[in-house]
Amino acid sequence: MKFQLPYSGLQWSDLPFLLTGIFHTILLTVVAAAIGTVIGIILGWLRESSVVARYILAIYVDMTRSVPLIIQFILVNSVFSLAGLALDPFVVGVIVLSLYMGVLTSELVRSGLQSVRPELKKASRSLGMNYWQELFHVSGPLALRTSFPSWVGTVIALAKDTSLVGVVGYVDILRATQILINRTNEALLMLGVTGLFYFLICYPISLYSRRLERTLQ
Amino acid sequence: MFGYTFFWSLVWDKLPELLEGAKLTLEITILSMIVGTTIALPLALMRRQATGPGYRFATAWVELARNTPALFQIYMGYFGLGAFGLQLSSFLATFIALSFNNAGYLAETFRGGLNAVPPQQFSAARSLGMSSLRAYMHVVFPQVFRIVFFPYVNQLNWALLNSSLGSIVGLRELTGATQAAQSESFRTFEFFIVTAAIYYLMAKVVEISARLTFWRLFRS
Amino acid sequence: MIEIKNVRKSFGPIEVIKGVDLTIEKGEVLCLIGASGSGKSTLLQCINGLEPINGGQIVVDGVDVHGRKTDLNKLRQKLGIVFQQYNAFPHLTALENVALAPRIVKKASKADAMKLATEHLEYVGLSSRANMRPASLSGGQQQRLAIARALAMKPTYMLFDEVTSALDPELVGEVLDTMRKLKSAGMTMVVVTHDIAFARETGDRVAFFDRGTICEVGQSRQVINEPREERTRQFLQRVLN
């Protein structure tokens, strides 16, 4: 960013800055959602199939859902700097949000697997399929279908939660907005743009997922 | 680990300030839930209309609450209203944003609860001679209450955890208090681990009380 | 041949099968009748190892079903089973439903599996529905699909667990017709059923299950028309009225 006087008005040169913020928000959402989903599928399967895993993971799940995300960001950041590794804020964001997404997704995958009617599993095994064949060809696809609308909802929530990465220094759109507001005092305009951005991303997707949910009934 | 010594005593010294912050966290959580619940009931009823200005207003509220981040809503209160000459304190901005959010999400929860009770319940109650009011109070609402209980507690948990966002605009609730307390010694890790534990405890107390309350109210 | 020798089965503290002996010969149709909860369905699911047993032995063509070294997946290819409902895989078309197991268990090529599936759908009369999902099929069609799917694995024995109990009355006939067709082709069948008429007409032998044991077993016409045991008589009277 080229040198700006404090409290100068909004300039066109601020546009790339804002666009970078938008890009960062989307990037973080996509990466954390992708990694988190993979983690979530594995964890969800573990929680469903193994009692031991269920108890061990229950503790971790419990903690993730009882501690504010901001604190998780700050803690991960400070743990790494204690260890002498100064992590890029993006990486801190990815770590925390992927694990968070993983926990939420595992919940969905687990209940998705449980919702598969036992007769279908019995029929599959009776046809001679082994455990993995049944999981891969029958229970898995069905569980993913059932949990898809909720998963979409979780991704939307994740997109909103990226707004917290500012605390570790990653400049997402909300942080970019805050920086620009501090400099230019154009609060309403900046917030309007940001709000519109979030709304335009979240609202259509949530409408789509609600429609999906209704067709699945 | 890694040749680092932990300074827990520093945290212990600052514990009173942290607990003051926790107290503020609880206050803002409870107040925003009360306000949110109060607004959510009429919002839910308006949403059930399916048409009309009430429906449109309530839908706008709900969709705005659900599709924008809570932090954004806090910024709107803290920075955004400045354009209209209103300078909200960090407490008010956080409180209003949390209430706004609670109202939106709870409206949907209540609406779902009302929809989940079959209309035949109401008709059956009326056929037994109850007035509309009695039918609602003794037959419909108890069932709605049971259905929305845990989603409601979920929202309470959400409000408790997201009150921490207030720290970003300077509120000295638990997170804000911790930020201030560790700013002298920069023992970020020690301070925030303790704070995380305090949040965990608060969340657990809420959860266990909720389960006990549910069990006592709805023993079957 | 399926040999059931002194089988006992409990669910927790409750014993549902209290010492059952039964032999099913190749080519015969054996019907299991009895009140709900008498243990018939459980016994069926013990035969193909879906349920473990607490005592006794079940031997299919010389292989102990519950033996520690038994390859259950391989054994199950000999035992086709059809359940009361929720049989068909909802996310696949009828054709894919039938072709799935031959493809992934028997490692058939996709083309061979599809050809096999087409043949079997035709056998049960569902050719016109090959590309439809189970949700678009009636209950009777779904059950016939399940039969086709089980048959595609070329089993030696077919087990039917109250396959018409959940169907609307007008859809029962098409499923029973398919089962009669199977009998004419010489399939060995073990049928748990509430349909006494079917048991009498299509069954070769009938076994009456009462509270965890076989009260009476014999030629179907004899057991149903002239039961020897008092309890059998009482049961039939209740059911046929």
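Brief remarks on what is shown
Order as written gives the chain letters A, B and C; numbering starts at 1 within each chain.
Definition applied: contacts are C-beta pairs under 8 Å (C-beta built on N, C-alpha and C of every residue); 3 or more make two chains touch, one makes a residue touch a chain.
Treat the numbers as computed from the prediction; the structure is a model and nothing was measured.
Most remote chain with respect to subunit B, judged by CA-atom centres, is C.
Nearest to the overall CA centre, using the mean of each chain's CA atoms, is chain A.
Which two chains touch most often is answered by the contact tally, and the pair is A-B.
Subunit B and subunit C have CA centres that are 54 Å apart. Our note on geometry: subunit A versus subunit C, Cα centroid distance of 47 Å, whole angstroms. Chain centres here are Cα means. That of subunit A falls 21 Å from that of subunit B. Note for the complex: subunit C touches subunit A at residues 45, 48, 50, 73-74, 76-77, 79-81, 83-87, 89-91, 100-101, 104-106, 146, 149-150, 153.
Interface residues of subunit A, counted against subunit B in their complex, comprise 63, 65-72, 74-75, 77-79, 81-84, 156, 160-161, 163-164, 166-167, 174, 177-178, 181, 185, 187-188, 191, 194-195, 198-199, 202-203, 206.
On subunit B, the positions that touch subunit A within their shared complex are 1-2, 4, 63-64, 66-72, 75-76, 79-80, 82-83, 157, 161-162, 164-165, 167-168, 175, 188-189, 192-193, 195-196, 199-200, 203-204. Across the complex, subunit C is touched by residues 117, 119-120, 122-130, 133, 137-138, 141-142, 145 of subunit A.
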